[in-house]
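These notes open a run of structures that come right after.
Next come two complexes built around chain A: one with chain B, the other with chain C.
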Partner chain A sequence: MIDWSGYIGLILQGALVTIELTVMGSALALVMAFAAGLGRLSHFLAVRTLATVYIEFFRGTSIFVQLFWVYFVLPFAGVTLTPLQAGVLALGLNVGAYGAEVVRGAVRAIGREQHEACVALNLGRYHRMRHVILPQALPLMLPTFGNNAIELLKGTAVVSLISLTDMTFQAQVVRAQTGSTLIPFATILILYFAMACAISAGVRWLERRGSRGLDGVRV
Partner chain B sequence: MEWDWAFVREIMPTLLEGLKITILATILGAIVAAVVGLVLAIARRSPNPLISRTVGFTADFIRGTPLLVQLYFIFYVLPDIGIRLPPLVAGVIGLGIHYGTYAAEVYRAGIDNVPRGQWEAARATNLSIRQTWIHVVLPQAIPPMIPALANYFIAMFKETPLLSAITVLELMNQAKSVANSSYRYIEPMTLVGVFFLVISLISVVALRWLEERYARVDER
Partner chain C sequence: MPSPIIRIDSITKSYGPLTVLDGLSMDVMPGEKLALIGPSGSGKTTILRILMTLEKINGGHIEVDGDQLYHMQNAGSLVAADERHLQKMREKIGMVFQHFNLFPHKCVLDNITLAPMLTKGVAKAAAEARAMELLDMVGMADKAKSMPAQLSGGQKQRVAIARALALSPKIMLFDEVTSALDPELVEEVLNVMRKLAAETDMTMLLVTHEMGFAHDFADRVLFFDRGKIVEEGKPDDIFRNPRQERTQTFLRKIIAAGHRV
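Now for the complex of A and B:
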């Protein structure tokens, strides 16, 4: 009879790594999404081009290819990253590119009259974004951001292939040591699903908070 | 380490060999996903709550868990109950089921967009449920959803490198084996990236064309 408690502990350790990756990756993705999304709406051609190239490049190849590139090719350029850093970097940049399109779409969905009212009130570009456009655009972005965060969570499984000891990696270890396949893989599938449910519950809560005070403005 | 064009020429045939498998897996996966998606979408509309709830939960579960783990599940767990699949078949099934759950949402939206009057008219002309679906609902529902489906198939194409984890010799795996035997990572890994980027960009152009062609429902 196999002593499962030790193996379950191993998988839970991996779960912590997965959560860590998801949180840090999401933070980087959020920053990149706003930087590139607002960059695409910039008045300067150079900024717009840079943002577009970034978005198309990271949406055109998969997270797996990017991760391997970051981990195996960057060292030759003199940048050596630990697996965790490579994972966060690749996940954040990849999901950030998808998020950028969400930011752009939401900002553009805010009506012309809002922009015109800002001009009429003599608000500067920064204040216009900060106090008028973004507070209305954020609730529009949240549901898609939630989906993107779940995509990022699912993307973290790939880092097991560059020897980061996340949940999927630990499940492979358990499989190799015990020869049992169903229990480790079923366990991590359920854990991943639980995390995805937690993310969507969190986003729904944020949505309720974020749309507070906007009642009557929009359905 | 410098970029070496001679080495690029040397590894190109191996990579193209892998690219063929990648494209094959994408096409087969897309076919499976299109069928699985349709079945899921129709089952989800079943009047029996037991069926629609179960199907809905299963689809959510598959969409909320990583494709890589599902591939491991198919490749490592199924042999224990006597189903032994070759890697490529396991990979195509994994891709097909995973993206089938996404395709199901597209089908659902497309089917919901068929006006109620069409269902009622089918009823009034005494068509059976089967005839209603095949001759009335699906022919109207499918063309507008082609661009959205194509979008997911491009996404699926980009995920095919995951099949290398279950030993399918596709593009990524060929690149990895070349890299491991020659200790040169720059050229194979970069070329894989370039291949995927170029094919994705071409497919985006094709997608725009599909949108022009099919997405405008109102004009018909």
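Now for the complex of A and C:
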């Protein structure tokens, strides 16, 4: 008879790594999404080009390859990262590229009348974005940001390939040691699902808060 | 004789192959109340949008309150205005839109105080006190904390007028401000504008299909067709005794459509 409690404990340790990766990766992705999304709307060609190259490159190559580059190739350029840093960097940059298009789309969705009202009230570009456009665009971004965060959560599994002891990695260790596939993989199935549900619930809560007072305005 | 506050000198405006304004010139005197009437597509709204710097001109010059609107002096020669110059010029002009364009995520009071606080650095308390005065003037003081979505069209437009006034512009542009309203809500907005015309010496340009209101409100009426001023004069002359055939046809159609003159 196998004593499962120790093995489940191992998987739970992995779950903490997965959560850590998801939270930090999402934070980086959010920063990148706004930087590149607003960058694509810039009046400066150089900024627009830089943002576009970033978005297209990171959407157009696989997270798997990106991770290997960050972890195994960057050291040749003198940049050595811990597995956790490499994982956060690769996940954040990858998902941030998708998020950037969400930011751009939501900002573009705010009607021309709002921009014109800002011009008529003599608000400068920064004030326009900060006080008028983004507060209205944010609720439009949230549902897709939720999607992206869940994608990122599931993407964390690839970091097991660079020896980071996340949930999937630990499940494989348990499988190798016990010979049982069902128990460890059923456990992480449930855990991944629970984490995704938590993200969904969090985003729904933010949506409710963010759209307060905007009832009947959303198109 | 004072000099004009707005001097439009042979401006042209086209959208691709479509020429909307072709060498238009006109002057507006300080404090003058001007009504711009004419069929849709005649270019009257375009003039307001150009004055508000929402549309660029393709040629010509505009002078507002002694300064070039779209040009500025640079090393002795006249060059295209940069954003800073445009911001300086916009301080003189306010605009009220057909569709109100209130900020839906901000309450009535914040809609009004936002621009004075951000662009003129007015303190919050002072901005709110001024906003309440203006809301009182447009009869909306009791709705200061309401969200725009909770207001009727007429109420929204009255807030939009107060919002534009909060920046104390010298010139106010009204772009078909009652066209999007239900008929029974038109009068409450017109009343506010009558009051404004009576109590201030602001220069006002009004694009409207409310001929009766234009008649009472304006010092001078301009009839536009196809980007040109076809006829202009005192309201009585234009409405009772139009000389040009195109003006007569237009007014007949408007009356037939049920607008009173």
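One rule holds for everything that comes next: the second predicted complex is superposed on the first by the 218 of 219 C-alpha atoms of A that agree within 3 Å, B and C clash if a C-alpha of one lies under 4 Å from a C-alpha of the other, contacts with A are read in each partner's own complex, and residues count from 1 in each chain.
What we mean here is this: a residue touches a chain if its C-beta (ideal position, glycine included) is under 8 Å from a C-beta of that chain, and two chains touch if they have at least 3 such contacts.
Remember, it's a predicted structure, so these values are computed and weren't measured experimentally.
> On chain A, which partner touches more residues: chain B or chain C?
B
> Contact-wise, after the overlay, does A:154 reach chain B, chain C, both or neither (first, second, both, neither)?
A:154 sits against chain B, while chain C stays out of touch.
> Going by the contact rule set out at the top, does A:114 touch chain B (first), chain C (second), both, or neither?
Once the two structures are laid over each other on A, A:114 reaches chain C alone.
> Examine A:136 and indicate which partner it touches, taking first as chain B and second as chain C; both and neither are also allowed.
Only chain C; A:136 stays clear of chain B.
> Applying the document's definition of touch, where does A:48 land relative to chain B and chain C: first, second, both, or neither?
Neither partner.
> So in the superposed three-chain picture, is A:175 touching just chain B, just chain C, both, or none of them (first/second/both/neither)?
First partner only, chain B.
> In the overlay, answer first, second, both or neither for which of chain B and chain C A:123 touches.
Once the two structures are laid over each other on A, A:123 reaches chain C alone.
> Touch check for A:60: first (chain B), second (chain C), both, or neither?
first
> Name, in rising order, each residue of chain A that touches chain C in their complex.
Per the touch definition, chain A meets chain C at residues 113-114, 116-117, 119-124, 127, 131-132, 135-136, 213-217.
> Touching residues of chain B toward chain A in the complex: what are they?
Residues 1, 61, 64-70, 72-73, 76-77, 79-80, 158-159, 161-162, 165, 172, 176, 179, 185-186, 189-190, 192-193, 196-197, 200-201, 204 of chain B touch chain A in their complex.
> In the complex, go through chain C and note every residue touching chain A.
Contact set of chain C toward chain A: 52-54, 83, 87, 90-91, 93-95, 97, 99, 101-105, 107, 114-115, 118-119, 147-149, 163-164, 167.
> Which part of chain A faces chain B closely enough to touch in the complex?
Chain A residues touching chain B: 56-57, 59-62, 64-66, 68-69, 72-73, 76, 150, 153-158, 160-161, 168, 171-172, 175, 181-182, 185-186, 188-189, 192-193, 196-197.
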